[in-house]
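One structure, pasted below without further comment.
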Amino acid sequence: MITLDRISKTFPGTDIPAVDRVSFQVNAGNICVFVGPSGCGKTTILRMINRLEEPSSGRITVNGQDIMSLDPAVLRRTIGYVIQQIGLLPHKTIEQNVSLVPELLNWPKSKIKARVTELLVLVGLDPGTVGRKYPHQLSGGQSQRVGVARAMAADPPIMLMDEPFGAVDPIVRIHLQDEFLRLQQHLKKTICFVTHDINEAVKMGDYLIILNMGRLIQMGTPLEVLTEPADDFVLNLLGDDRGVKILDLTRCETLMDRDRNFPYNPDSCLIQSVKPVKIALELMMKKNIDQVGVCKGERIVGVLTWNSIKEHISRVSRDRP
Amino acid sequence: MNFDLDIFMDALTQRAPQYLVEHLQLVVIPLSIAAFIALSAGIILTRPGFRHLADRVMVLFNAGQTIPPLAVIAIFFPFLGLGYGPAILALTIYALLPISRNTIAAVSAVPREVLDAARGMGMTSWQVLCRVELPLSVPTIMAGIRTSAVLTVSTAVLAALVGGKGMGAIIFAGINFFRPELVLAGTIYIGAMAVAMERVIAFVEWLISPAHLK
Amino acid sequence: MGFISFIQNNSGLVLEYTLNHISLVLTVLVLSLGLWIITGLIISRHDRLAGAVISLSNILFCIPSISLFGLFMAVPGLGLGRNTAVLVLVIYAMMPLVRSVYLGVKSVDYFVMEAGKGMGMTPSQILFRIQIPMAWPTVFAGIRVSVVLITGIATMATFIGEKTLGRLIHQGITRGNADMIIAGAVIVSLIALLLDYIMGRIEKKVISPGLRYRTND
């Protein structure tokens, strides 16, 4: 668990704080996304957590320990760090790059070797071929995977990721995001994730921290933020398709009518209750129908209608007065 | 140390200045000829038809750089005899290397996409050369000329060995008669001349640089 | 090819000068590498010092070698001969070596160092595991330049009494003997090319293949 308590940071030679009295906590096993425009302070906050920057005031604790009481180098070895530019060491092979932190921690050679192989497989790279290559021989997507593998090498419980998928093309990015989410389901790391892309934030985050000009504007789950934007800044950030984004995060069971009877016949369209409403909508449009049956396992538990979806969007995405 | 201030002052104010003009000629003439030849050669060698030659010429130039300056100065003297001529010729050859090397490197380093864009707008190859390749190469080419100039100012000292006079005359006299006063006096003028050449070339560079590099 | 017969007829003398030339160059090379690489590393961590040291090395480099020989020979304790020769040549090697070490270390990609720092490397680990290995290609370029330079300028040491190959050239001028001049010039160039070649081989061994693709540009 990471806690920030009234953290401020003013860079030398400037008057305006880059980070201004920000407090929040990141729970263990969650992905917490810091999102906002450039210069909002998101990267600075991230870099204060592993002490690449020192706060001007306030307190940061990791698992209850004040990080200022720890040796920065030792602290950083327990926190994975991934940056957009990746920063692979060009003079070392991929294997050697991934081995870096375990080596700093003086792991035995055989353990490092096994761990590197395991990690490369985990991030979807072939240890036999890729392991002996040098960074300049990899594609952008491969390099990003190596960056993630390197950060996870010593199995740190916490990872800091600064636009980790920012340097690859959109198709590869979506692929990497999906893979990373799949990994996270098993790994349950505590992750702080920086992005300026609200779609990535909504997709990756268990929890969003929205920042502007060094101030924390709003925090909450993606659905909370989408349905209750705190002010016009957040509203703008969320974009014009806020309603559709909400449908992607809302499960069918939330909007279904439990009391209505569903006229079942072999041609009826059914959808699982945990699926997003967006999928049900797609189904309705494709089949040109205005209701689908919602089931839990093999039992029909309610009906989702075109009208209820429309009403929901118009209710939650109404512009604030 | 045995350092006689009177001898030094005499050398500084009376003996050394008379070699100044000669030395300047030993620098400016070879440098001008070398700049002309090296620029032309550099431009020709970077044209599409000759590009494959450029690598071989560079290898030759790099090997040429391993010949010690003393040898370059000495080598023409048996054929051309004592005097100004062989010294000028040798210094010209010595000044060629840095300029041509930088010209070839600079023109080859102009990004492909910039050339494509220029051609795509309908520039002729002559226009591409004059409006794109050369202006973008100015800093590197001028750096080569600057290196050459500083090198020539100090190498020209050796001209005195083959009868070419210049500031080397007083410096070698100082060595032969074990008089560091003479060496120091000559060296001060050499240093001043190197700094002056640097400044002048930097000014020329500023004059001909494209606006965004100023 | 008169110079070949000159070499054959004076093989003893030529050999003596050649060996003396090589030993002078190697002495200077060893001293310079130790001294100037350490200086380069030190100034890469002190920006203000770096400006001063690099300016000094540039100024020294502009002074004609013959002047330095002529001035140092008059310093008590140095005099004519090897000590002065070594000192002057070490001074000449300063510019290319200090500069290349400094530039090599300083031009290491910011994000690579950030990544190293973020992974928990201490400043000295960053220096030895990232900056120095990544600076090697630039440093080696500087070493090769200085080897060729030292070999060439070592000829000038003949004027302060060192029996280098410069003596063949100098005496060739005095006697008007072209073969003698060419013999001296050719052997000096061969030594320079040979040392450069050896350095090139060492470079291939020392520099990581991951960096080699950059050494070509």
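Odds and ends about this structure:
All chains are identified by letter, namely A, B and C, in their written order; residue positions are counted from 1 within each chain.
As a convention for this text, a residue touches a chain if its C-beta (ideal position, glycine included) is under 8 Å from a C-beta of that chain, and two chains touch if they have at least 3 such contacts.
Just so we're clear, the structure is a prediction, and the values are computed from it rather than from any experiment.
When chain centres are taken as C-alpha averages, the shortest distance to the whole-protein C-alpha average belongs to C.
Among the remaining chains, the Cα-based centre furthest from that of chain C is the centre of A. Between the chains B-C lie more C-beta contact pairs than between any other two chains.
Computed from the mean C-alpha positions, the centre of chain B lies at a distance of 21 Å from the centre of chain C. Centre-to-centre separation of chain A and chain C, using mean CA positions: 54 Å.
Inter-chain centre distance (chain A to chain B, centres taken as mean C-alpha positions): 60 Å. For chain C, the set of residues that touch two or more other chains is empty.
Among the residues of chain A, none is found touching two or more other chains.
Residue ranges of chain B in contact with chain C, taken from their complex: 1-3, 63, 65-72, 74-75, 77-79, 150, 153-155, 157-158, 161-162, 168, 171-172, 174-175, 178, 180, 183-184, 186-187, 190-191, 194-195. By the touch rule above, chain A contacts chain C in their complex via residues 50, 52, 72-78, 81, 83, 85-93, 100-101, 104, 134-136, 150-151, 160. The residues of chain C lying in touch with chain B in their complex are 59, 62-67, 69-71, 73-76, 148, 151-153, 155-156, 159-160, 166, 169-170, 172-173, 176-178, 181-182, 184-185, 188-189, 192-193, 196.
Against chain A, in their complex, chain C makes its touches with residues 109, 111-122, 125, 129-130, 133-134, 136, 207-211, 213-214.
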